[in-house]
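Each of the next two complexes has chain A plus one other chain: chain B in the first, chain C in the second.
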Partner chain A sequence: MATATYTALATITLSGNSSSVTFSNIPTSYRDLRVIINGKGSIDENVTYTINGSTANFSWLRISGNGSTTVTDKNTNNTIGRFGTGDTLVIVDFMDYSATNKEKLFLIRNNYVGGDVRGLAAKWGSNSAISSISFGIRLSGNYLTGTTFSLYGIAG
Partner chain B sequence: MSMQKILHAEVGSGGASSIDFTSIPQIYTDLYIKLSARERDAGDYVRFFLDINGTNSSISTLFVLGTGSAPSSSSGTNLVGHGINRYSSTAGVFGNVDIYIANYTKNANKAICVEGVEENDATAAYSSISAALWSNTTAISSISIVSPGNIAQYSSATLYGITAGSDGITTVS
Partner chain C sequence: MTPVYKLSDSRSLTGTATYYSSMLAGNAVYAPQSYYLLETNVLPGAATSVEFTNLNTYASDYKHLQIRIAAGAGGSGATNRLRITVNSSDANLRGHKVGGVGSGSMFSSTATPYGGSMVISDRVDVSGTSVFIIDIVDFGSTNKAKVFKTFEGCLDSSEPFVAMGSTLWNSTSALTNILFGVGNTAIDSTGFTSGSRFSLYGLKA
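== the complex of A and B ==
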């Protein structure tokens, strides 16, 4: 029997507006994680990342384009990427999330036709295995009803 | 298993105007397409577009494009991404494209993530990231990948269905 390599771990479709969504009790038995977020926000703002309860030790760099102008920049905070008031798709890939001998790198693709398209490389500067991930919206924004969050484990 | 192959399509002798996926089952959460392709005809379009449910209307896109010099950003309708190797590019080389469509059966507009890269043994090659939106709340039942330069023999595409769910251990709130 073939070994499952792409496994659904958890999913939620918001039945009401929510300021954040948290995946917890993430098993350490996979190699990588993928998160898919699709929906709308109450405001057009950055996504905030909290890993294992921590908002510290983040860094990132990005390239983005709004249809006329490109931007590249970097920062050392946990407000990474963008969630728009229009239909937005965010894909986040965490590599080697359960390793305890390396910091955690993740790649983000932000897709918001009403704003911009972004590619980001980010790091959580901790050797701890990732057991929980929270996604919020900066400046007290909410994810709107109907927004979906899905987490997948990828075997390696 | 949460990721299943639905269909693999290969372009045969003579090439084709499109690669088509029809009668897509409505049992998955998301769709994922991996494309390996090259233009058949002169024209060097690089771009491709998607026909969804038989139409290429109601699609809007933002791109960031790199060619080996400064990046640029543009927008478009119908045209979705880059990464189909140009006719004039190094012979025998095919570009790679990933297309992810979330919640394709949902009664909502469909957001699409596209990444594409061309390989060329020269000073210029195209790579891009695209955000696209199909402004239509109908469930997707067919997708065609269309190149203005037509698609060469040996190009191929695989359509996968992704199913969200729970492992009974991980929690979400």
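== the complex of A and C ==
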């Protein structure tokens, strides 16, 4: 029997500039999560991820192009993707986020005006279920007023 | 005929209630859902392949399909390619991909069938999990070819990989089944590990 899913769990629209946004108390009753971030930043910098209060055990891999140059690189830090001073869209799919027997893989589509388009694969190297996710901007950047953060739960 | 009145609260008709002539008045707007989980398969043990069948039976209710996969593979190294057949055949399949391994240059590649199936991804992780999101647009159409959009990633410490791909099934036939397997030159016994998960979703128009 088909199960309606893609459930809106939380939406945050900034009424003022903010250095970070957190989704907490995320229920474990879904299979995947999708986060959609749409807005602008005060500086053109990397997005920082904090999961369950931890900035450790991250790794990521990127492909990107800006119209003249392509890049593929990787690292083991929590600064993943980019948020720009122009309109930016970030879509993050956390797969099997509630599993307690595997590390957490997530896919990121990252588009920002005046910058580039990116596809990233990332991992949080913990078997813990994800219960909170915080998004910041590196080097004390802020998400600007009006930026929206939407969290969806997807059954599976 | 005497009309039926829906009262806003429990009081008599002579009170100062708000009267409605429709039983629907005052109800919250009904917003039908459009994204449905249709099937999910979490492997209880290792399996050589996973197949979604009778997909044509969903065409009357859904416009597009999405398949989400979080899977590991048996075996080792770069031979663990994710391969597919459509309607039990490798006929009429073509693919393109852009991707990277985190060093050197990005790559772009094409895929054509061989060994009875076609590669849709170059890497299913052997030491952890690879993830795939596959969108099949207008899957039920019988007057156009079908396009699969893929986004995938693997953070295997020795063979990391991220890619975006496009697969064409150049057929106007109804899509009935998709089979996923693993292998370098053909789907072989490498298979998927226990706990690998394959979920099918339908999206309404």
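Worth pointing out:
In this text, the second predicted complex is superposed on the first by the 154 of 156 C-alpha atoms of A that agree within 3 Å, B and C clash if a C-alpha of one lies under 4 Å from a C-alpha of the other, contacts with A are read in each partner's own complex, and residues count from 1 in each chain.
The rule is short, and it goes like this: contacts are C-beta pairs under 8 Å (C-beta built on N, C-alpha and C of every residue); 3 or more make two chains touch, one makes a residue touch a chain.
Predicted model only: the values in this text are computed from it and were never measured.
With chain A as the common reference, the superposed partners chain B and chain C clash.
Legend: residue contacts after superposition of the two complexes on their common chain; A:V21 is shown touching chain B, with no touch to chain C.
Of the two partner chains placed around the shared chain by superposition, chain B and chain C are both touched by A:I63. In the superposition on chain A, the chain among chain B and chain C reaching more residues of chain A is B. When the two complexes are overlaid on their common chain A, residue A:R109 makes contact with chain B and with chain C alike. Legend: residue contacts after superposition of the two complexes on their common chain; A:L89 is shown touching chain B, with no touch to chain C. Within the superposed three-chain model, A:I36 lies in touch with chain B and out of touch with chain C [touch as defined at top].
In the superposition on chain A, A:Y6 contacts both chain B and chain C. Judged by the touch definition given at the top, the superposed model places A:T148 against chain B, while chain C stays out of reach. Residues 2, 4-6, 63, 65, 70, 72, 109, 119 of chain A lie in contact with chain B in one complex and with chain C in the other.
Those residues of chain C that touch chain A in the shared complex are 33-38, 40, 61, 68, 70, 98-106, 128-131, 133, 151-155, 160-164, 195, 197, 199, 201-202. For chain A in complex with chain B, the residues that touch the partner chain are 2, 4-12, 21-27, 36, 38, 63-70, 72, 86-89, 91, 109-113, 116-119, 146, 148-153. Interface residues of chain A facing chain C in the complex, by the touch rule stated above, are 2-6, 31-32, 59-63, 65, 70-74, 93, 95-96, 101-103, 105-107, 109, 119-123, 154-156. Interface of chain B with chain A (complex): residues 1-3, 29-30, 60-64, 71-75, 100, 102-103, 108-113, 115, 129-133, 162-167, 169-173.
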